[in-house]
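Below is one structure; the comments refer to it alone.
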Amino acid sequence: MTTLDTLLLFSLLTVLVSGLGVRLKMIGWVSAIMFAAQFVALLFMGGLGYGGSAIESSVSLTILNQPLSWRFDSLSWFFALITIGSALASSIFAAGIWAKKFHKHDGKPGLLQFAIALNVFTMLLLLASGDLLSLFVGWELVSWASLLLMVMAGGSSSQWGLRYIVYATAGAMAVLAGIGLIYHLTGSFSYADLANTAATFSSTNIVILSLLFIAGFGVKMGLLPFHLWQAGAYAEAPGPGSAFLGAISSRMGLYAMLVVVIQLIGLARLIAIEIPFSFLSLRDMLMWVAAFTIIFPTFTALRQNDARHLLAWHGIGQGGYMMMGILVLNPLGSAGGLLHVFNYASNQAALFLAISAVVYRTHTADLNRLGGLVTRMPLTFVVLLVGIIGLAGIPPMNGFVSKWLIYRSLIVEGMPLLFVATVIGTLGTILSVYKLIHNTFLGQLRLEHEHIREVPWSMLAPMLVLASVVFMTGFMPGLVLDWVVSAQAALGIPQLAHTLGGVESATGNLDMIWITLVLFGGFGVGALLFYSGNKAKRVHQLDNYAGGHFLTADDRYHYSNNFYAGLMHHIGSWYRGTFKWLESSIISIVSLLSGSTQRLFHSFHPALFLLIAATLSLYFFVG
Amino acid sequence: MTTNLIHWLLYGGAMGLIVIGIVGVVTLTNIFRIILALVIAEAGANLLLVIAGYRFDAIAPILTGQALSAMPTTQIMVDPVPQAMVLTSIVIGVGVQALALALVLKVYKNYQTLDLREIHHRMLADIDHSSGVISLLSEEQPKGERPLPEPETKNVLNSGGEK
Amino acid sequence: MNNIAFNVALPLLTAFLLPIISSGSKSATRFVGPFVLLAMLWFALAYFNVLQHPVAIALGGFLPPLGISFHLDNLSLLMAALIPLMMLLLWPYNNREGFREESLLLLLAGAASGLALSGDLFNIYVFYELLSVASFGLAAANRTAAAFAATFRYVIISGLGTVLALTGIALIYTQTGTLNLAHIGLLASQLNNPVGLSAFALIVIGIGVKAEIFPVNGWVPEVYSTASPRISALLAGLISKLAVLVIIRLLVVAYQGSQALTLLLVLGMLGIIWGELSAWHSKDLKRMFSFSSIGQLGMVLVAFSIPGDAGMAAGIAMMLHHLVVKPGMFLLTENWNGPIKKLKGAATSSPLAAFLFMLFALSMIGVPPLPGFWAKLLLVTGLVEANAPLYIIALVVLLTATVIEAHYLMSTALKIFSRGKKKHFKKLLQTPFNLTIATIFGAVLLAALFTLTPLGNKLNQIATESSDRSLYIKTTLSLKLPPQVKQQVSKVQ
Amino acid sequence: MRNISALVFASGLAFLLLVITWQFILGGAPMLIGEAILQQAAEELGAANLVTSVVLGYRGIDTLGEIAILFTASTATSLVLSSIAEKTSAKSKPGLRDDGTILASSASLFFPLLMTIGLYIILHGHLTPGGGFQGGVILAAAFFLPLLAVPGRGVNHSGLALVEGFAGASFIVIGIIALFQGKAFLQPLFGHGEMGSLLSAGSLPLLYIAVGLKVGAELSGLLANLAEPSGNGDETLSATESASTEQTSMQAEKTKS
């Protein structure tokens, strides 16, 4: 019984307990405790975070002559840490008072806990996969488990769930084809065989394999043009569920891509393959896909009027950063990409939980119906503020570190156009998160929100913990970079030289401790100036006048509708409905074809087909 | 050569019957005639089978006269196996035809027509009806009233203003 | 005292006597059938213990190829055991109308057993016809106008099919002068010409009517949506597989060339495309399942068109999987037969049924670790291994079809699981009887999930055994050849 | 459109079939098992009619399947038609409609004649051309002739059921008896007897009697089932109606072409 077995056993136990006790009131806390136990079990494997060697599971199966095995290495451990961490935060958030209200509104808090537990278990199975077959099994399980989480809210979420599962199945089938091809080429599903023989694959095979795998895994990451499902599916889940999904779910695609494409096949082969009639290599093309994945969804996020959808759209764009960083394939870039997985998960979980807290009090996530909540929910505001600073990649939060690494790597490798693209993406992020915080917390408080209070501690605690994680890992990125470097080692790619405060290498230096101290020093000076001046007089926000008129609660002096109208006027047509044409044209083709195929069965004389079939098959043999 | 030609004609006749039967089944619309066409096709197949055992200058595989005592017989006989098979397949054909006729009776009783097209139409409508699906075919024959889409009562300006 | 001939004789005998029994005692009519089926099951299972290697049994004591022989190997015995099992599950225990349906079911059981076991081409044809006629009767047993019309169309196309099959058999006879499959296998070289291959094509198209092969399956949606769910389950689950079994036997024994395989592959591919696309378009469960059944049978055909053991294993796995899943699904259509749109709230009214639907659907899509996935995996690896352009196209078709399948099954599942109006709930309640049977199918599926390793080993064993042509020939013809035949055989060779 | 494509494909099919035929004619069809059977059947089974040896001996199980098919067809037919039968009995049953004394009495006259011929053919099935099927059909004709002559006259269905049940069962039971004697299923019993005499060929004549009775009963049942509704008044009307629809459909086709 290895430590990995213990972890998986705990995880399975969580699934079983939360599944059996789905109707119990206390089940939320029970499962939260069990998630904590999983977290502890994961910490027992902490050696993996600092370069320990891989841990095998003692369980292995042989089905239809195919062996299946499971093991954990530093990369798996890094992703598992994020998975269980975000699950723990979401579970605690959902366990307390939130569950009661959810239950009152016809929700099933027990089912939510069960769904999260199931997701965690399947994700751990995927992360622990020791061969291509167990990878695929884990992959499919993750896909279907997240469907449960997505559709459990009912209503419009089921439509998004359906869309998701069709995309996911398509992706899975691409992966299956890829795995089948590998089986054909190597004669087995084992990682070792693939790694050993990958060098002998022909270029055509490499192209087919990488396209299949990147399309397949890319569906889950929301790579363009497979991104249409993601935002709605994540956003329409129940609040803590969104937080969990948004934080980690789509990163599973990244994990699988890292294992198969980077670790086993090797990026070098991708760089070597030129796309005919262009100046690009296969790798460059993928980087441009990543770049567009950053830009389009981010600017789509700008247009959203639902806070949850806005955040979920960002999830897609941030995935593009991770992919971009990893594809650069220098120590800076891949470290940036991996680090961004962690940073983004902490940001996104904090943001979604904060938005859930707002929804908990106000019953809406519509950005046009909120505003001015900062006076009523100050702590939630702080969490959201920390989160959006991190998401936008502004110092001193952790998002800055990872984005800096990615920018730096692009500059070092001499890819200015891609650098500009990522910066444009960041610009969009900043604009849209500003819209988020402005429309919810700043501006005019609505009359109906006059009496709301801060959310209870059971919800605040995980949010605050996450916010402090966002800050601490921004302040001392070395904490996480240790794990990232171990993961790099596990992947077999060049590792980053780092310190507690950041990076110290020939290609770039960054010391976040210094930057943060300077920044806070600046803030301190500013605060000193502000508070040493005249005392401000506190008035009610309606105790005011404009244009000679006193304001009433009916007057909207806080313009939140049609945000960024001017910008939208200029760029709106560029991305509106990006790639929706692809989806809808596929749907119309399928429906056209299926209509005509069914006609055949409706034709009034089936014997004609018998005649035709007989004639043609005879012709095939005789002619 | 003559033997071959005669053989070929025989086989060709059987094949021809089969094809005629199939064409009949496919082109006819009266279901009773379709059964008859099926009978023709079956006859063709049976003929083919029995020809497969045919020999020139051979007698029926029945021992008579002196042949009874002089076993095994010296005279050339035709192959008895196809004959036995044909016996079986004819009886099988009878069974199927009887069942088909019974079905024709019932179909006629229910739909009052022998036209396959009409029957098919009515059958599809029945299936659609029993499964509660609005028939594709009903588009071609509207039945008087058709429910109009509900008029938009919401004020578009109000709802649009909020979004 | 154990003879597999009982599996044919006993149900037929009982069916013959059933009218007489029923005039005596009504209750006896109802119980004699299951009793006979149990006996059949026992006979079939008893052989599994004895059987070390395939055995041939000469009926009437006449040695093959002169007489008719039954070929007993793992595959045919498996089918012979599955037939009474399925019949027992789908038996009309609550039918109080008379003896006719029971009688037809027993005849179906006898015919199916004969079909599974027989090693003689014409005998197979006879049993196939018996099977057909019995299934016609059962398809019309609902006695609605639509059922009669649908059955009539079924009879006609099936009748034409058997004409073609009979033509094919006659052609084979003219080429080889024999009807015994093993003997035909011995003379297979004479069939590897346009005439022999045409015979194969005619038989495939003819028998394919029951196997729901692509262009000759026009009857499927009509019959399945007019017959009662039990009968649809039986036809889709069991009978179609038996027809496929005939094609496989012929393929293994006599047609190992690539041309015959190509025909199956193309037909299978078209079946997948047509079936799945039509299922996507259908608006009620019964027709959706019938179309998806066509698609699934197409997959089975594609699997069998892969040369060698790999294809055989994949095909048998797909076949068995479909045999469990599709009947279970059809049983659920009893009270869910309205348009899919109106299934809202079905999960609330009968949660078990909704769970079963989800289970079957997931397995059919091929979600690991359910058995459907492993069957599909075998198929995928087989197709890739076959390594020919057409097989790769088949792979693409298969995977695309899976996506379509996932879409329509999941959109139905989401309807079932979404909340509906309370007043509909009663209507959507499943009948306990059908639900119980469907639960058994679900339990079988789950049991298969937990015994995948031994099942896989057994599957491989069956596949190697039944794809071994020389073993088949040796088994039957080792029963002491009559001297004349020996002479002729050596002359021919 | 459908007709044109049907004709095109059918002519293609016909052409291909003829090509196939031409190809195998040249080789000449082998007669492997046929020859072997011709040589050893008389010795093995002792039946003068070698076709009978094949039908009941070498391919006995085919014959079993075949009578089972007839039984199935008749069961299925009565299942299909049973609702009509119920309706007819619910309505006032029309009295026997006499279609003429000559017809009726000649039908009764023929009855014994046909019975005799039928039984003769059945009994001599192992010696001369003919046998259970042929004789059975004549038996059925014997029963059906009076029904044609006097429509509406009922048939004794329970009697028929008894005959067909027991005849079919005895075929199988004879087969099973062989099994109990340690032989194979359907293996002929008893000695061969003197070839060419009535009491020869072991149990084959017994089997043929079973087959003959079965076929006779089955066919009469089938025919009676099909004929019964037409004994009803409104059904005769429907028959003329069907003829008229046929005509109209023909006309419709004509106008189309």
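Each chain gets a letter, A, B, C and D, in the order it is written, and its residues are counted from 1.
The definition used in the following text is that a contact is a pair of C-beta atoms (placed from the backbone, for glycine too) under 8 Å apart; a residue touches a chain by one contact, two chains touch by 3 or more.
Please read all numbers here as calculations on a predicted model, not as lab measurements.
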Check every other chain and keep only those touching both subunit C and subunit D; list them. A, B
Name the chain whose C-alpha centroid is farthest from the C-alpha centroid of subunit B. A
Between A-D and A-C, more C-beta pairs in contact link A-C
Innermost chain, where centres are averages of C-alpha coordinates: C
Taking each chain's centre as the mean position of its Cα atoms, how many Å separate subunit A from subunit D? 73
What's the distance between the Cα centroids of subunit A and subunit C, rounded to whole Å? 45
Whole-angstrom distance, CA centroid of subunit B to CA centroid of subunit D, is 19
Could you check subunit C for residues that touch two or more other chains and list them? 122, 126, 129, 133, 136-137, 140, 148, 153, 156, 160, 171, 173-174, 179, 194, 198
Pull out every residue in subunit B that's touching 2 or more other chains. 18, 22-23, 25-26, 52, 81-82, 85, 88, 92, 95-96, 99, 103, 106, 120, 124
What positions in subunit D touch 2 or more of the other chains? 2, 6, 10, 13, 16-17, 19-20, 29, 31, 33-35, 37, 39-40, 58-59, 62, 65-66, 69, 72-73, 76, 80
For the complex, which residues does subunit B have touching subunit C? 18, 21-22, 25, 31, 34-35, 38, 41-42, 44-46, 48-49, 52, 81-82, 85, 88-89, 92, 95-96, 99-100, 103-104, 106-107, 110-111, 119-120, 122-124, 126-127, 130-133
Which residues of subunit A touch subunit B in the complex? 305, 368-369, 561, 602, 604-605, 607-608, 610-611
Touching residues of subunit A toward subunit C in the complex: what are they? 61-66, 133, 136-137, 140-141, 144, 147, 151, 154, 158, 161-162, 165-166, 169-170, 173-174, 176-177, 180-181, 183-184, 590-591, 593-595, 597-598, 600-601, 603, 606-607, 609-610, 612-614, 617-618, 620-622
List the residues on subunit C that touch subunit B in their complex, please. 122, 125-126, 129, 132-133, 136-137, 140, 144-146, 148-153, 155-156, 159-160, 162-163, 166-167, 169-171, 173-174, 179, 222, 225-226, 283-284, 286-287, 337-339, 342
In the complex, go through subunit A and note every residue touching subunit D. 605, 608, 611-612, 614-615, 618-619, 622-623
